[in-house]
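Sending over a structure as structure tokens; questions will come in a sec.
Labels A, B, C, D and E are assigned to the chains in the order they are written; within every chain, residues are numbered from 1.
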Amino acid sequence: MITLTIDGQQVEVEPGKTILDAAKSLGKVIPTLCYHPAVPAAGACRICVVEVVAGDRPGLVPACAYPAKEGMDIQTQSDRVMQSRRMTLQLLLARSPGAEVIQDMARDHGITENPFPERAKQTGDKSEKCIMCGLCVRLCQQIIGASAICFDGRGPDRKVSTPYNNQSDVCLGCGACAFVCPTGAIDPADYSPSPIEKIPNEFNCGLDSRTPIHIPFPQAVPNKPLIDRDNCIRFKTGGCGACETICPAGAINYDMEDEFVEEEVGAIIAATGYEIMDPSIYEEYGYGRYPDVVTSLEFERMVSASGPTNGELTRPSNGEPPKTIVFLQCIGSRREVNGKPYCSNICCMYTAKHAILYKHKVHDGQAFVFFMDVRAAGKNYDQFVRRVVKEQIATYVRGRVSKVFARGDKLIVRGADTLSGTQVEIAADMVVLAAALVPSSGIRELSQKLRVGFDEHGFLLEAHPKLRPVDTNTAGVFLAGCCHSPKDIPESVAQAGAAASKALGLVCHTRLSREPTIGIVDESSCNGCFECEGVCAYGAISAKELKDKKGNTLATVANINQGLCQGCGACAATCRSKSIEVQGYRDDQLFAAINAINR
Amino acid sequence: MIQKAKNETTDPSEWQPRIVAFLCNWCSYAGADLAGMSRLAYPAAIKIVRVPCSGRVDPMFVIKSFEQGADLVLVSGCHPGDCHYTSGNYHARRKLLAFRELMTFFGIDPRRFKISWVSAAEGAKWSNLVKEITDEVKALGPFETYSEILTGETGP
Amino acid sequence: MNVNSTVTESLQSAAATLLSEGKVGVVIGYGRDAGASISHPMFIRKPEDAERLVFDDCCFGNLAVYLPRDKVRSMGKIGIVVKGCDLRAINVLLREHVVKRDDLVLIGVPCTGQGDPLLHKCSVCEQHNPEGCDMVVGDPVEQPAIDATQRYKDAASLDDKSLEERWAFWSGQLSKCIRCYACRNVCPLCYCKRCITEKTIPQWIDTSAHLRGNVAWNVARAFHLTGRCVGCGECERACPMDIPLGAINQKMAQLMDEWYGFHSGLSPDEKAPFTTFKVDDPETGIL
Amino acid sequence: MRSTNVDEQTLYTAQAGWLKSAVDILQGAGVDVMAPVETEPGVVELATVKSSEAVTLDYQNVRLPLKRLFFPITEVVLEFKSQPEGDVDVQSEPLVSETEVVVLGARPCGVAALEALDKVFHWDYDDVRYSARRARTTLISFACTRPDAQCFCTSVGGSPHNTTQSDVLVYLEENGQALMQVCSDKGAKFIEQLRDVVKPAPAGTQPPAPPEVKEKFDPAKAKAWLDEHFESDFWTEVALKCLGCGACSYLCPTCHCFDIVDEANWQAGQRRRNWDCCSHPMFTRHASGHNPRPDQASRCRQRIMHKFKYFPERFGQVACVGCGRCVRACCVGQNLVSILTDIESKAKGGDKADVASTLN
Amino acid sequence: MSQALSTNQTGTLIPLDYMVLKMRIVSITDETVDTKTFRLEFCDAQQGEAFEFHAGQFGLYSVFGAGEATFCIASSPTETGYIECSVKRTGKVTNELHQCNVGDIIGFRGPYGNWFPIDEMQGKNLLFVAGGIGLAPLNSLIRNCLDLRDQFKDIAILYGARSVDDLVYKERLENWQQRKDVKTLYTVDPGGETPQWQGEVGFVPTVLTKMKPASQNTIVVVCGPPIMIKFVLAALVELGFSRASVYTTLENRMKCGVGKCGRCNVGNLYVCKDGPIFRCSDLEALPNEF
């Protein structure tokens, strides 16, 4: 371990660490530009200089590249340091007048004027942002391994470019250069032969993008990053590995494979939730055509502090705050033709919530809500909606919107107010569509796997709507949340609790009891043809070997898992040798019933 | 000989057919129940055998019913897609339709064997259906083909 | 009788080799008794007996019927002489887990048809050359193009009749049935350990040979073979009362073909029509 | 051979057209006449006829054995019906009708088979239905003219001209005439009824020589081997190709095993007697699952043993008349004659030491 | 060959039309989970008076609509006015019979078959060995012999069952045990005993060997499952008994009961007529098909 002092504070670091590392571990901020933890430091921009007061070679050194040494005494804010930084900044300002970071930094360092005014003219050219730190070039060569970019030209003409200034065959279009560039001066689209595709951030409804390595969403469990192999350079070319270099915990392991985890379980709870339907099928609302028409879920993200705009509500078209907003309820819900005939249950409530959130963000904005009728059944729900109306947080208009179209930069929402019987037209900045809830995609496959039924809309079926709302007809499979029907969080949580306790009730016993309506195989006559297996909707039938005392297999016969069998009798009807009887509906019992008709 | 119980009154127009109906527990039986609860009258000629699922019905039940003197057999289950057991009625559909073709091929009148889908909510459909098929079988009259061979007197 | 001497010779040597190399414990093939009118099943267990195998145009039997038998299985791995059509029965047996492919050595025989005149199944046979066998003896034969409408002609000629005429026909035919169950025992697919006729609690089918019992039996038999019967024609050939059982099987095969595009026994991997379904299966005639 | 030693006194000649007259006369007398009828192409069965036109004389033998007339494929033995208060009415109706039956054109082998059946149905218990049917029936056999390759009556003590159990044996002649040999009182009565068309045969008349049926084995020699070989691999070999179907037994004129079953609905039913056969595995299976004849080998053995050893021991005759039906019926070519010739050559210690393999 | 015991071949023809006598169930006793004893009275009292049989004979009992089944008459010929049969539930008819109630009417045909050689047993020691439901036919004989106790010398009964629950006629077993003039030995298979069980534990043949019965002047009657009979016989031979002094009963399937249907045919014998009682020495001569 090496002990050194920074601004009077002692710190211990491992050998090989830089002064910057040491300062970081003390929580001290040393400004950097050309430094990126993933890229070997070059100390090129010299913004990170610190003063070595005592040590082998006192003087100014770049903190990012200078190794920490035993007994060093370092000042990060000394006059000498500040002077040097200011000088550096002034030079950078002159070199790269368009770089906002530099401007900001300069301002922070008390530089109010550009000392080299002749170069201060901004032309908007990207090269005016570049500070020639070469971080991108080092990254592309040393980390990505592509060497797609390099410095070209000399003196004032020096710039980052590709060999021969052409589009580069070797550029992967990964965008890492842009990612590390301290000034935003580089646009990989200039070099890449193929379009640079941003990776849409799923959690934010694709409203912003994310990196290949990312934490899926803020409350993810476990709250850990994952690598999206399809987009990761490491997996695409074998290069990069930046994340591994910087991960202090050494947690990155590229050899990890997706695993199929097989668990034997006593119960399964289906809680696969919902998606919202794509409202672009309704052309009249203009979703997909006008960027300012968004879905409720997108809106939810826009106003979220962890969202793409960090909670700032802006119009996607021009970044301005929407001064007039219109919420349309029942988009696709309660619509018999070309829609979902059911009520999505939660839209009334969240729209009211959205109106409030909107008012929080845009105090002087005006909100309108088009609704069919407000369904606010639930504890305190009606009061909540009434507050929104009463406090004029939003103007509720009862009626359907017939068309949304653009006029200038406004969206005209034309609809009917059925209460007053008038046509209304609102010029809005933003339109939010409360689209219908649908079961998550893949629900059919899932229902087949779990062997539970689904209704015509794909929501999983409960065993009984009143008496067994959490169970399914497949023993041991329970339902929670929106996979069963649209519902809000409290309802989902309540159902989840019920499902969990049902599941626990199952697994806490070593023996299960159930109604005796189950299939029983007559092993002496079963042929082992397994035609019955084919018709069992519950996968209750499997093979069983009958052995003699010596362990020789005498026959393979059907075996019915008594926990899974639901007693439908399809197997009994299919078995030719009549080797299955369903208790309670045995053949002789049914024959007796048939016999009785002759009375 | 194996006898048909005497239920024929002296007046042939009063002849009551015997109809055996295999109803799945969850849809058709509940539908018939609903018809009852809703006081929707339907002919009493129908004798219901409750089965868990239309998929439980082995086509040989139909033959058995004819052997016991049925003039018409009905199998009714949940509408496709609605099976309580997810797919029992799909299996039933394949088997029962093929069975009806087989009967027809032998010259056994297919009008004597009906298949229907009646849901738990379709009390009215049930009551109409029973009326219709009862009228139809009344028009057809007693199932001669089977009542002739019931005695077991024919043979090589 | 028309012995195909080239096939017979290669068959004999193939069987002898299999036996002497210990690859099989028995070869089931056809042999010929002096004065017999058909070539009958023969079980060869010693290489030197292989010379008694023949292949001619009277090899009617479907030898697959012996595969489920304990006695035969106890002889070891089974070599079995199969014509293209017999293979279909084996495919069904494989599908229904009655036999394992590893326990069989299939000795395929190209066949231009059996019987003089040709059996019906042979006149519409599209499997003159067996496929998927472990070995084929004899040269491939020419496969004539088949007129598919011929396939179901017996059923079709009855279908053309009125309901009453059909009942008159079938009640006449079925009242002949003496309930010997030869049709069942000869069928390679009627391998049930306990046939439905033997189930007494409850009694599914009256065992008496009166028309009531005979209709129930023949309906059950036909239905149990629907989607399974491979049309080998053995049941009809075995019936001592000459009941045209083939027409019934044809009718059901035709239905499976028309409704589900299904032909039984073409591969061991298919799913029997009654063990699967499609959501949009035909459903005309349901109220 | 029983038929060769003919007493001239019993011979009659019938003129052409006698068959028509016979049918008419018998009909007139209220007798049910059964005769060979071509029921479907190539198939001849005994059936009730109203006139001689329906009768065919062009047949080798009838498909179903004669036994069915006395011991039907299925017959009601009891009828029962529940009565109020839990009582049951049991009737042994319907008894056999008393109408006389004359069978014209049974084959001698089939008729001879009745000798064996008579013994079974009429030892210390007398099966009343069988006996009643036997009593009311007159059997007019037509001498066999067309034995085929499967026939072997001569090997089991019969002949194409066997008169055993026949009431009259008729030798048909080309020109429509016939020579008739009276074998019983019933036969004499028949001849008497036909007196207008039948005359005593001129002195010196001899029945024609029977067509040749090769003697293929000697049942006595076979029995000698059977006596010693209950346990033998031979049975396994014989049984290999046997499918265990009942075709051979059902068609056999001497096989007589039966089953008794009840068929009923909730209030009434019948007890029936149905043909059954020892090849079926369930035939002997016990409730415990134990089966005294557990495999096809023991069942095939039973069939041979019963016909050629047990029956002779118990009833003094072979239970086979050599009609060849079983051979014709078998779809896997199981051949009773080959089995017995093999047994015989084994008995002789012949070179067919490995008989087994010639059979399957 | 075999010296059949047939005692009823009278030479007179008895007409057979399969008619049954109607009998009413007057009591039902549960013996084990699957065995019940039925006491039956003739509906027609005159038939009852005329009815005679010998121990060891059987009848065909019918449940109308289900069919006929064979059971031996389990009561003693000395008891009149009724007969008893003990029936194990195994199939169609026995199943239906088990569902019958007191008062129901069933059909009966019989008695058929030969009987135990009770004349030959006079003045001899008797040893009865039974297993499981095999006590049913022996029950008739034992009751018969006990009713005529002074005609015989020592009487010993060895009875075994798989478990205590499988013992039939529990009350009667106790009665016999109380008697001074009968030696009784009851056993259950190892593992079948209960804590209260006072009797032996072990398989019947083993217990028999331990029991060391004297072979002189003794007639043995064995009834039970085929496997038990086989080993009991071996044990008896070991103990010096001659096979000719051992009798047993066979239970081949039968339908007619009178030597026609062919089912019970073993060699040239019919179990229904030449049996069901056989001398073990005679069985040796028969094909092993029982």
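Here is the rule we go by: contacts are C-beta pairs under 8 Å (C-beta built on N, C-alpha and C of every residue); 3 or more make two chains touch, one makes a residue touch a chain.
Because the structure is a prediction, the values reported are computed rather than measured.
Chemist: Name, by label, each chain that touches both members of the pair chain C and chain E.
Modeler: Touches both chain C and chain E: D.
Chemist: Starting from the Cα centroid of chain A, hunt down the chain whose centroid lies farthest away.
Modeler: With centres defined by C-alpha atoms, farthest from chain A sits D.
Chemist: With centres defined from CA atoms, tell me which chain sits nearest the overall protein centre.
Modeler: Checking distances from each chain centre to the full centroid gives C.
Chemist: Could you tell me the distance, in whole angstrom, between the mean C-alpha positions of chain B and chain C?
Modeler: Each chain's C-alpha centroid was found; their separation is 35 Å.
Chemist: Can you compute the centre-to-centre distance for chain B and chain E, using the mean CA position of each chain? Integer Å is fine.
Modeler: 49
Chemist: Give, as an integer number of Å, the spacing between the C-alpha centres of chain D and chain B.
Modeler: 46
Chemist: Between chain A and chain B, what distance separates the C-alpha centroids? Give it in angstrom.
Modeler: Here the centre of chain B sits 56 Å away from the centre of chain A.
Chemist: Where in chain D do residues touch two or more other chains at once?
Modeler: 64, 73-74, 259, 261, 263-265, 267, 269, 272
Chemist: Give the residues of chain E touching no fewer than two other chains, as numbers and ranges.
Modeler: 91
Chemist: Could you check chain B for residues that touch two or more other chains and list them?
Modeler: If we look for residues of chain B contacting two or more partner chains, we find 5, 64, 68-69, 81, 87, 91, 95, 152, 155-156.
Chemist: Touching residues of chain B toward chain C in the complex: what are they?
Modeler: It comes out as residues 59-60, 63-64, 67, 80-81, 87, 90-91, 93-95, 97-110, 114-117, 129, 133, 145-146, 149-156.
Chemist: Spell out the part of chain C that touches chain A in their complex, as residue ranges.
Modeler: 96-98, 191-196, 199, 201-202, 204, 224, 271-272, 274-276
Chemist: Can you name the residues of chain D that touch chain C in the complex?
Modeler: 40, 43, 63-64, 73-74, 149, 236, 239-241, 243-247, 249-251, 259, 261, 263, 272, 274-275, 277, 280, 282, 295-297, 329, 331-335, 338, 357, 360
Chemist: Show me the residue ranges of chain E that touch chain C in the complex, using the header's touch definition.
Modeler: For chain E paired with chain C, touching residues are 91-92, 95.
Chemist: Using the touch rule from the top, collect the residues of chain A that touch chain C in their complex.
Modeler: Touch list, chain A to chain C: 524-531, 533-535, 556, 574, 576-579, 587-588, 591.
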